[in-house]
Amino acid sequence: MNVLELKDFRAYYGSKRVINNLNMAIKKNKITAIIGPSGCGKSTLLMSLNTMLEEAEGRTEGQILFNGKDVHSISKEEVRRRIGIVFQKPTPFPFSIYKNLTYAPIYYGVKDKKRLDGIVVEKLKISGLYEEVKDEIHGSALKLSGGQQQRLCIARALTVEPDVLLLDEPCSALDVKNTANIEKMLMNLVQDYTIVIVTHNLSQAKRISDYTAFMLDGELIEYDETHRIFTSPQDNRTKEYIEGIYG
Amino acid sequence: ADVQTNSNKENETNNEFKAEMTFNGSSTLAPVITAIATEFIEENTTWDKVDSSFPDKYISIYVSAGGSGAGVKAVIEGTADFGMLAREVKSEELEKIGDAKVYKLGVDALTISINPENPLAQLRDNLTTEEVKKIFAGEYKYWDELDSSLPHREIVVVIRDLSGGAHEVFQKSVMGDTQIRPDAIQSPSMGALVTKIIENKDAIGYASYGMVNQNKGKLMPLKVDGVEPTEQTIVDGSYKISRPLIVVKRGELTAPQKAFMDVVMSEKGAEVIEEMGFVPVK
Amino acid sequence: MMKRIKSVMFALWICLSFILTIASGSFVILYIFIKGFKSVDLEFLLSNPGGIPIGTEGGVFPAIIGSILLMLIAIVFASILAIATAVYIVFYCRSQRLENIADAIIQCMAGVPSIVLGLFGYSVMVVTFNMGRSLLSAGLTLGLMIFPFIQVRVEKAFQEFSRSAINASYSLGVSKVYTIFKLVLPQCRRDIVSSITLAGGFAMGAAAPIMLTGAVIFAPVPKSLSSPVMALPLHLYILANEGISMEKAYATALVLIALLIIINIFAMTLTLWRKEVKR
Amino acid sequence: MKTAFDKVSVFLVKVLTLFSLLLLSFIIIFIFKEGYTFFKEVPILKFITGTTWNPTGDPKKLSIFNIILGTLYVSIVAIVIALPIGIGCALLLSGYVKERPRLIIRGFIDIIAGIPSVIFGFIGLMVLVKFFEKAFGFASGESVLAGGILLAIMVLPYIISTCDETMDKLYRAYSPVAQAMGISKIYILRTIVLPQSLRGIAAAAVLAFGRAMGETMAVMMVIGNAPIMPKLLGKCQTIPSLIALEMGMAEVGSLHYHALFAAGFVLMAILLILNIALYYVKRSLDR
Amino acid sequence: MNVLELKDFRAYYGSKRVINNLNMAIKKNKITAIIGPSGCGKSTLLMSLNTMLEEAEGRTEGQILFNGKDVHSISKEEVRRRIGIVFQKPTPFPFSIYKNLTYAPIYYGVKDKKRLDGIVVEKLKISGLYEEVKDEIHGSALKLSGGQQQRLCIARALTVEPDVLLLDEPCSALDVKNTANIEKMLMNLVQDYTIVIVTHNLSQAKRISDYTAFMLDGELIEYDETHRIFTSPQDNRTKEYIEGIYG
């Protein structure tokens, strides 16, 4: 089933077009990886999906369907709540871990202390952080390591119970161990969520994703099951990129 | 002590012609000197026009005001050639100046003035010294304390700040040892004081006689102990709160300074003084 | 519900604050413009003040020139010292301690009220150094006043200048002085010029420091550095405070504000331009 | 390869820096020294706790308690008015105004910051003071409140600029993540930006307070300059306006003259204490 | 022949030692690659070689010999002129392309307009930029793409005719095409210059370098001809790193 669908999609910054006529459907409960060289429009695409592009002074044309409905027919808040996004640089709020995770639930009206506690523990467990931080849940989130911060941000994105989780190079600032942790976590999450991940680490895409999309210069060159993209790409440019100079 | 090496002492020693002179002091007198000076400059432009023995340098006369106290101070410290005062020079001041020359240009009086719209104006035109004293000392805080038929409104006392000559004159001739109420509004110049009275119906203050004449109708000067401040009463001394308008100078006048001071002391100077509402010395 | 009320109150607060800010600022400027507009003409700008008492008639020409001259002296004096100090602190000072001391002194100086500087200027320059009340004494006093303003801003501009570009220059074997003159200064020029102009406006509008050090009731356009001068802010103060002529006071205020706005807009276009280029 | 030009430039920079720093130190020491001379004759405690100021009386009474209070009072009124407005305005600017209009608004705010104090005083005299007399029937409109309102307008730009700097950074850092969870701008401003900018706000308040306390001309024209115990609707005197009014007459070297320097020195000391307090507040917030 | 030689070399930031007892000699007209995990001291080593470490508030002990002479016996300016360095992030000066390339020559006294023009054209050609930018040589260098900027920086480093060129991850911010361009350029340059390149792209090291040094935690673990390092590493840690998790 398709959770998100893009039809004739174009994105602009001012008058500069950075995504051109893109058609693509994202499958439910799968991990979709988006790869492509720097500047090809991956982040722009991701941000368009939950209407965050507007905040970056961008503009879109064409259709984005979310569960079959045009996202512009749904309120911005609703779209963003149901399609979470995590950016490359981990940005926990300058609060305690606890407050980071209750921030959005409180906004959405959860008041009961027990329920809030429950959410915090649950999301920390999902993100594999619980054991590591359980004793300092009220300590500042800024004191966590980069990898822990990133996992916290993912946990935080989950506190609003989204259907889809978009990740923009979530591991590029992290070391091997943290990256492995996050990959493990994503592979668990995919049972309940739909995940779209932008990565420039091809082996990561290969390891964790079910589908892979290759973009070049604002166009979707190829989109298929991951193993096919990596073993028998149809387009020459995909092939070149994958065998590319980067190992 | 170094301070005392003032500019005109140097002047005398190196005997160079100094085309500039500076006045500082009384805000009452400053407009008078400025008026005479601008006219003097306009007429002559260069010194050789004043006296053919002078070089043809441009005439520059600078006037600044900061109150009589500032005038004395400037002469003592040598930062101005002339000090302007609207009060007597105190003996200790004369001592500090040393070789002081004093020129009296005219007389001014401090009139006890109120706003013409003040109900008091309809009621009476006279206050006794005692009443004036009580008003300024703050014993009377509301107008109805002065006269019960007046409204119960606060009396707004306006005075000059300490550096003004008026402050000392008034203290000496009216208040004696009594202190003026400390919450009186201190105006930084006579102009400001008068403006305040013109604009505030409950205000009372010691407006300069000259200023009253310049603002005829906008201020109402009261009689004090039955004596109305007029040219006559001021000159003959029957109006008590009067003060001299003085220019002081350390040492002898240089030739150009003398040339200018001659004009100030002349009939023409007297005219300007009169025009500004003061009483020139005859 | 509470959330809604809080949000609405909050929104109300920030909107109101914004409106009040803009309104109070515009009021000051517009009030002066409207009240002063009809009395300002070419003649007012180009003639000497006149009338008895002085200022009731005529114009403010010597005061305009006086103010501009005061500003020039202040910015020349202050900016040479301030830029040199900033260069030293950013590029040459190796001791953190010295840097802290310099910082403390400059901060302390920035906190000295301008009137106290006037007092200083009077007793040191006018009296002790026998410079008299003059254009020079007053200009230098103003210079002291704006020194910290310029220094802090220029130092910030240097500090923000790309460290990697400087290192790239050093790694070409190029000397520090060459790097500063050819790379850093030209690139920070706009920041420097804009802080100097703003400081100049600041100096031009200040009345307190010049009251004792050089401004007088009337003086023609000064002929030398040792002449006393007229200045717009003090002229305005005298006209307004002594009730000499409110009409002329508004006009003088208008001239002063207009000059300052021109200066500000000049500085602003420089910054805007710079932002544009940086992109 | 060091050229002669290099050497001369380095030398000049060093000499000029040395000169500037010495000059500034000299000024600060000079003010301190002139004040100190006074404190040798009148104990500092008496100077700041006594209430009578009468430099021409006999004996001279030179104590400035009322005047210190007046200075603080006017400035506090100004801050109390300006701070909430400034913070609100800065919040709006950082959350709702795009880059370009923002530059223009900040330019406008810079212009307000650049309006000379005399012009504010003039407007205060012509508008505020008269307004108080007419609208509220005050005996005289000269008052702490008039001075406070005037100063509030004058320090508002400083508060806005300082707050905006901090708030803008916070907003830029956290709004994308928060907005990505569907949270509204208002809520972000209220729950993240405002509480996290406390340090910036404290700095702004101290900066503005310093400005307000040092302001001369505008204040002098609207507070009535009476050295009495200040009341909100009554007249008062501030240290800068005291100095401005009396420095003209106080002979260099006289007790009165030293007393004025001493007053200036007290003002600087208050500022210094405030800044040190700010430093510690900031440090404790860092923890 | 050895252009650079390190003897018992140690480097510190404050009191923290980041390079420990390193001995190594760099061969003339060869490309030497330095590899190792993040934070192992590669950049520090590179900056030490031309005394730029001082500018980063670092400090060295032990000897660095340049053509047999201790670098500290030569003036700082001279060392830096003869050993150029290019950093990871391209840093063109905010001038025109032309002024970027004449900046240093003018400092070294070249005044003749013709000679300056000559230098500009020559260096642009060497760096393969000439054809791409010849029409906008007086346009701002900041308008170039990342890869072009990096090549410009290399060209600029060459304008002072150094003997050695140090490069710190010159391609890590660039895409495939630009990387290929730069690699081609380096392989041409090595006929006239000695090149030391820090890279975290192992295949890049393999492709272009003659020698490879592997560092770990401030120590030189292994240093040998590139093909030997990649085919038969002697040290187990080298082997692990090369086979490492990242593909």
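Per-chain residue numbering starts at 1, and chain names A, B, C, D and E are given in the order in which the chains are listed.
Following the convention adopted for this analysis, a residue touches a chain if its C-beta (ideal position, glycine included) is under 8 Å from a C-beta of that chain, and two chains touch if they have at least 3 such contacts.
Listed by chain with UniProt protein names: A, E = Phosphate ABC transporter ATP-binding protein, PhoT family; C = Phosphate ABC transporter membrane protein 2, PhoT family; D = Phosphate transport system permease protein.
Computed from a predicted structure; not experimentally measured.
Peer 1: Using CA atoms for the superposition, what rotation angle relates chain A to chain E, in steps of 5 degrees?
Peer 2: 170
Peer 1: Applying the document's contact definition, name the chain pair with more C-beta pairs in contact, C-E or B-D.
Peer 2: Output for the comparison: B-D.
Peer 1: Which chain's centre, taken as the mean of its Cα atoms, is farthest from the centre of chain E?
Peer 2: Between chain E and the rest, the longest centre separation is with B.
Peer 1: Approximately how many whole Å separate the CA-defined centres of chain B and chain D?
Peer 2: So the centroids are 35 Å from each other.
Peer 1: Find the geometric centre of each of chain C and chain D from their Cα atoms only, then give the gap between the two centres in Å, rounded to an integer.
Peer 2: Taking the average C-alpha coordinate of chain C and of chain D, the gap between them is 16 Å.
Peer 1: So the centre of each chain is just the mean of its C-alpha atoms; given that, what is the distance between chain A and chain D in Å?
Peer 2: 49
Peer 1: Spell out, as numbers or ranges, the residues of chain B touching 2 or more other chains.
Peer 2: Residues 3, 66, 77, 187-188 of chain B each touch two or more of the other chains.
Peer 1: Return the residues of chain E touching two or more other chains; collapse runs of consecutive numbers into ranges.
Peer 2: Expected reply: 77-78, 107.
Peer 1: Among the residues of chain C, pick out those that touch two or more other chains and give their numbers.
Peer 2: 3, 127, 173, 175, 178, 211-212, 241
Peer 1: Can you tell me which positions in chain E touch chain C when the two form their complex?
Peer 2: Chain E reaches chain C through residues 50, 52, 55-56, 77-82, 84-85, 87, 89, 91, 93-94, 103-104, 107, 153, 156-157, 159-160.
Peer 1: For the complex, which residues does chain B have touching chain D?
Peer 2: For this pair, the touching residues of chain B are 3, 66-70, 72-73, 76-77, 96, 153-156, 161-163, 167-168, 179, 182-188, 196, 199-200, 202-203.
Peer 1: Which of the residues in chain B end up touching chain C in this complex?
Peer 2: Residues 2-3, 5, 7, 20, 22, 27, 30-31, 34-35, 37-38, 41, 58, 60, 62-66, 77-80, 187-192, 194-195, 198, 272, 275-276.
Peer 1: Mind listing the chain E positions that touch chain A in their complex?
Peer 2: Residues 38, 146, 173-176, 179-180, 183, 201-204, 207, 244-247 of chain E touch chain A in their complex.
Peer 1: In their shared complex, at which residues does chain D touch chain A?
Peer 2: Residues 98, 173-184, 187, 191-192, 196.
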